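To keep things clear, I will list the structure first and then write my remarks on it.
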Amino acid sequence: MDMKYTEEQKQLQDLARRYLEKECTIDFVRNLEKKDEEIGFSKEMWASFAEMGWLGLAIPEEHDGMGWGLVDQAILAMQMGRSICPSPYLSTAVIAAEAIVLGGTDDQKSELLEEIIGGEAVYAFCFQENTREFGPKTVALEAKADGDNYVINGSKMFVEFSKGADKLLVVTRTAGKVGEESGLTMFIMDSDTKGITHTHLPTMARDRQYEVKFENVTVPKSAVLGPVGDGWTILNKVVQKAAVIFSAYCAGTAEVMHEYALEFSKERVQFGRIIGQMQVIQQYLATCTIEIYGARTIVLYTAWHMDQGRDMLDYVAKTKAFTSHCVEHICDRGSQIFGGMGYIEETPTTLHLRRGKQYQLSMGGMAYWEDIVAEKMFGPVTA
Amino acid sequence: MEFDLSLEEAGFRDEVKAFLEAELTEEVRGGMFVDTPARVAFVDKLAAKGWLGMGFPEKYGGSKKPIALAQFILNVELELAHAPIVGKNVGVIANTIFHNGSEEMKDEFLPKVFKNECQWALSYTEPQAGTDLAALQCKCEDKGDHWLVNGTKRFITSAHFADYHWVAVRTDPDAQKHKGVSIIIMDADAEGLTYTPQWCVGSTGAERTNEVFYDNVKVPKNRLVGEINKGFIYLMQALDYERFAIISFAARVRRFNKVAEWVKEAEFGGKKLSDDPAIRSKFATLATRVEIGTMLEKMCICVAAERVPNTEAAMNKAWASTIGTEIANLALDAMGPYGYLWDGSEHAPLEGEMVDQYLMHGHSRVAAAGVDTSKTIIARRLLGLPDPLGKPFLPNQAK
Amino acid sequence: MDMKYTEEQKQLQDLARRYLEKECTIDFVRNLEKKDEEIGFSKEMWASFAEMGWLGLAIPEEHDGMGWGLVDQAILAMQMGRSICPSPYLSTAVIAAEAIVLGGTDDQKSELLEEIIGGEAVYAFCFQENTREFGPKTVALEAKADGDNYVINGSKMFVEFSKGADKLLVVTRTAGKVGEESGLTMFIMDSDTKGITHTHLPTMARDRQYEVKFENVTVPKSAVLGPVGDGWTILNKVVQKAAVIFSAYCAGTAEVMHEYALEFSKERVQFGRIIGQMQVIQQYLATCTIEIYGARTIVLYTAWHMDQGRDMLDYVAKTKAFTSHCVEHICDRGSQIFGGMGYIEETPTTLHLRRGKQYQLSMGGMAYWEDIVAEKMFGPVTA
Amino acid sequence: MEFDLSLEEAGFRDEVKAFLEAELTEEVRGGMFVDTPARVAFVDKLAAKGWLGMGFPEKYGGSKKPIALAQFILNVELELAHAPIVGKNVGVIANTIFHNGSEEMKDEFLPKVFKNECQWALSYTEPQAGTDLAALQCKCEDKGDHWLVNGTKRFITSAHFADYHWVAVRTDPDAQKHKGVSIIIMDADAEGLTYTPQWCVGSTGAERTNEVFYDNVKVPKNRLVGEINKGFIYLMQALDYERFAIISFAARVRRFNKVAEWVKEAEFGGKKLSDDPAIRSKFATLATRVEIGTMLEKMCICVAAERVPNTEAAMNKAWASTIGTEIANLALDAMGPYGYLWDGSEHAPLEGEMVDQYLMHGHSRVAAAGVDTSKTIIARRLLGLPDPLGKPFLPNQAK
């Protein structure tokens, strides 16, 4: 057993750390938070991601990707989380790329993956519906076959980067009804397809999320990705990978928040000594340390096993549930150590404070994933 | 034992309620302190009712307390209605001047406070003196015919609309930390006084506070409050009062009820949110904890009939601050992803108020006396435990 | 508003404190815990309770009681909780007495209340069924009318003191089915009535609890207490009062545990100073202090209002839920402060440790009462 | 990165599993240490397999480690099967003797340990020296041809069946607290050695520990371990090892799985307990936290390939102790009133084991290095924060 990074992984981590600490500064993030900023990420930075090979990191070599694994993406995502880097990496290089690799036709693969690897296509992921819940059973967005086309009507919520994206990966219902896992179909379409409107949703993290409305949006049958009516068979795997990468992101944010708080506790003097000498502060910091080590380990463990092709649903669920809890807890605790400073906008860690809770509530929150853990343990509810 | 309000008390409460019903408009609601013309006008009406100077002598513009609990009842009703609260000016400034100030100072300032003719900035915190107020460095030199003040203050909430600053300064640089501190009153338009905004984390229009710079500000000699170098004692007295009087637990009750009401009505995907057993259980636990907050406050009220509550006030403060965060946190959990919508989103439940509460409420856990500090007060003053930062303490050292 | 005790209440408290600290010592409790001890309380002590007027404290003067209120019983019960006094006070002087006052015929009142006041009749309360849940809906014990008699078949669980008691207050179902609040009927019968067997249930607190089995137990119709088939209208009030007194007991136990821990923290020296000087210990002790003040206040508040004849169900529920939590939390925390000593049987506070958790799980635990709080807030579950 | 066991490791694990399947009888199960003839006989078989002295030279009765992780794999499997654990003798005694003892001592004791021919009592704690081991007072005087030991020890778990006591004594009363401590080995039947039981809180037959009295006990000179007055260093080394090696997190995993299995099968009033949404949610949260414990242990294992884990072991210990109580607590909550049934009640779920766990597990949060102490180790050694009990520390004092 060996948790050490390989040389390549170390290089990936170090490069990412160096690049992001230099380019993705707090000021950079703050600028992207501004209200009039519509895209919410930097196209220049995106091009650099492509150049560094990050966008094709886990795409198989046969499709001109680097052929690395989920664990490598997790290592990268932890660094992105440290810099709370606003980018459509998750929706594009993880979700869309994986969905295409798993569900795409040969034509789709050869055309679309190359675009992703080269940074030419940014994707947004239209999955979450207008409800508090998450998962395949909630999908209501209707797609109706109409000759050679499908006509899509309805709306999606909380779609990150949809306005700035080139393309949308849209999860629709072509059969069955809400409450069923089957009947889902994925589509890929341009984000400015006629009938689509994007309405900005102001969020706690000040990231770019949109309500996306579909009004008689007509796309050809060739826009379908994966099996018609059976999209969840593909999507299930995609969402699990996305959850792990999102967890890595959370772990990274928690980690850097903790470092800020620790550093502050060694500098801030009260009552003639640094506050880090107070026993309660030490206990807070140590408790957070344990959680961070646990969070990092479970992210790597789960990702590594998924790379071996194993069914890790239970671990994915625990990873997502734990890191979600962690990032909120640590961002809150860390802010407390800053005292009054922790709640003044100019303090860098308010960026983390605003994100900790949002991350916890995102992508199914903790409830969706804990339901999965319970089901694994006890089976489905019988009553 | 008697937990009900007396007839007189209930009568006063009803009078306040009726007043708020009639006078409190939507634009006056929200926030904490008096900071807009509409809010000033509202407090003018409170002043006209004689409710600001209750219990102070009439010669200073005070009015007879209609009942012993008037101040408490007024605060609770203001909080429940989400009106501007008035505790700071009366509770801190007027009380300190009344108990420690010169006759001249009482004549000058008390009537102004009670008529709401002046706004005050409490100017205590410094970059290096937060919880540890005794470490403050803002220099105040005796220049014969005036004081000369130099220093920087932080998180001064009302500085951008105050008429006066109530400044904690160091008048004796050689004395032990807490022994060289005094309080002075400074005109807000004094030469050399400048400030720059510090925005609290929160939505647009979130609470503002300020960094304040005193650069060779001259202050008349008679603006020193009470005795020189006794400022720290005045500060500590005022803090006890502040823990108890400025912020009523009723604010949390109002907020919890608002969230519970939202949960009761909320439906997602055709399902009533309040049918979810996990939601029911979590809200029941929190409702119980909120009720304990009202109990601790009632306990303080009862103590207040005899003395200023101190360790009881610390319990109140520690619990209230903890519960405030729990309310915001659970509210957002109940809302799921809608919980993080904010700042004018039409989909944001309760107009995003709980996001602001989540972000800013942590401040209450550290501010003034944070939760840990309140618990230290309980441990030291009530339980009789020795200073953790002091010398090693052995059993035979006990008094 | 005034929380101060009256002179009479102060005297009651002081007398109870003096008496119990002298008579109901840790050794006394330990002796009653012993396996071969069948009754589980001291008849001598019970006679003293009667002499001091405690058993008729809240029985109206017209029935020769002292005519005091629930709040006075709560003051007394807090003292009993401080000494973790093993006695059937709750089942006799609160539950049975109140049930008879509210539901008894004139004959029953004049006969039975006097016995209780004089200490001549000890009652056990047979309510809890063979299930994890609590409340009227769970009652299954069947009583069937048969001429001038009722025949009772079934069993009850967790009946405290049933073997040592003279009489049982038995809650049966004479109509309807499990899941309904209506259909309940109360009976009073001798504990050694033919067909009743008591099987000891060893518990964490080492108190005397029994499984009580009823096999064709035949009692005359005159054994009915209160309305046939509508017993819950009376019992509902009785159970609420019992919950408040039980809460007072919990608050008392929490309070004395905290005092032990505080005292120990001032004596125990480690690293050259008393452990009470450590900031974490101070934080633990202060946190418990706040909870204790809150617990005491809500007990008194609720009891006082009930004495004014008001409907306090919501407060009763919150009182029971909070004190249940409190007693467990404080007994655990207190034991921690004792270090290794806290887990050695000879240390007095292990009595409290063993009780804290048991109390939390008793009389509906926290779940039953939190359901009531939720129902008050949101109404019943509609789905 | 490699999270799987290697082929060799998996092979060894399977061998241990097969051994336990064949040899572990019901009467051997339970408890922690080797304390009955049946349990001794069981460990004899482990010794015969060469699994006690793994990694020690053959000349001392050791055996080649089949694989690097053998010790860890053995401990996990023993815990999962609820077999007696063997970490104490090998982990603490043999390691300390091997690294610090004289050649003579190694020859005498190591083979006995590896053959399970002797049981040991770790004799550290005193009435006034609990967490603060350096405060120990048990006196050990040099009487020329022997040592003379006088003192009292507490909570000595194995004293009533031990062959030897491994005693921390004070050999220099004038040195600074931790500088005058040594370790000696004492025969259990030495004259002047007496003990009396201290029962842990728990059911009949609960764990026993002892108070031990050394009254003018003579100990041969060659029974001092390593160098005189270096005992505290040896103790600290052993504690690091203990946090990691003696108690595997697998014990909690086993217990959690047992409880979860019970919940899955439990029915009350015709309703499946596992259908209760509150139960599902609470167990899911705890299952996740249990998994984090296995992760922290895996992290320790990986570190152990290079060095003795210390701050990682402290994380492991703090988390495991916390989780152990959470498991027992949630188990009892899930059982409702049945949770408090105990000690042979036929209605007690899991035969009342969770009651014992609830009562005794608090001890793990304070014992050896309790949760707070483990966190202090993390704060000091890993995070680089200064001693809270030390002198005031300012930023410019940083190295």
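We just call them A, B, C and D in the order they show up, numbering each chain from 1.
Note that a residue touches a chain if its C-beta (ideal position, glycine included) is under 8 Å from a C-beta of that chain, and two chains touch if they have at least 3 such contacts.
These numbers come from a predicted model, not from an experiment.
Enquirer: Using mean Cα positions as chain centres, tell me which chain lies farthest from chain A.
Expert: If we average the C-alpha coordinates per chain, C ends up farthest from chain A.
Enquirer: Could you let me know which interface, B-C or A-B, is made of more C-beta pairs in contact?
Expert: B-C
Enquirer: Using mean CA coordinates as chain centres, what's the gap between chain A and chain C in Å?
Expert: Inter-chain centre distance comes to 52 Å.
Enquirer: What's the distance between the Cα centroids of chain A and chain D, rounded to whole Å?
Expert: The mean C-alpha positions of chain A and chain D differ by 41 Å.
Enquirer: Which residues does chain C have that touch at least 2 chains other than itself?
Expert: Each of 269, 272-273, 278-280, 283, 367 in chain C touches at least two other chains.
Enquirer: At which residue positions does chain D touch at least two other chains?
Expert: 277-278, 281, 372, 388-389, 392
Enquirer: Can you list the chain D residues touching chain C in their complex?
Expert: 125, 128-132, 135, 154-155, 198-202, 206, 209, 268-269, 273, 278, 325, 329, 332-333, 335-345, 347-348, 352, 355, 358-360, 362-363, 365-367, 370, 372, 388-389
Enquirer: Mind listing the chain C positions that touch chain D in their complex?
Expert: Contact set of chain C toward chain D: 128-129, 131-133, 138, 157-158, 178, 201-205, 211, 269-273, 278-280, 332, 335-336, 339-340, 342-347, 350, 353-354, 357-358, 361-362, 365, 367.
Enquirer: Flag every residue of chain D that touches chain B in the complex, lowest number first.
Expert: Residues in contact with chain B: 276-278, 281, 388-389, 392.
Enquirer: Quick check on the complex: what are the chain C residues that touch chain B?
Expert: 1-6, 9, 71, 262, 265-267, 269, 272-274, 276-279, 281-283, 285-287, 289-291, 293-295, 297-298, 300-301, 304-305, 308, 315, 317-318, 321-322, 367, 370-371, 373-374, 377-379, 381-383
Enquirer: In the complex of these two chains, what residues of chain D are touching chain A?
Expert: Its residues touching chain A are 1-5, 9, 69, 260, 263-264, 271-272, 274-275, 277, 280-281, 283-285, 287-289, 291-292, 295-296, 298-299, 301-302, 305, 312, 315, 318-319, 372, 374-376, 378-380, 382-388, 390, 392-395, 398.
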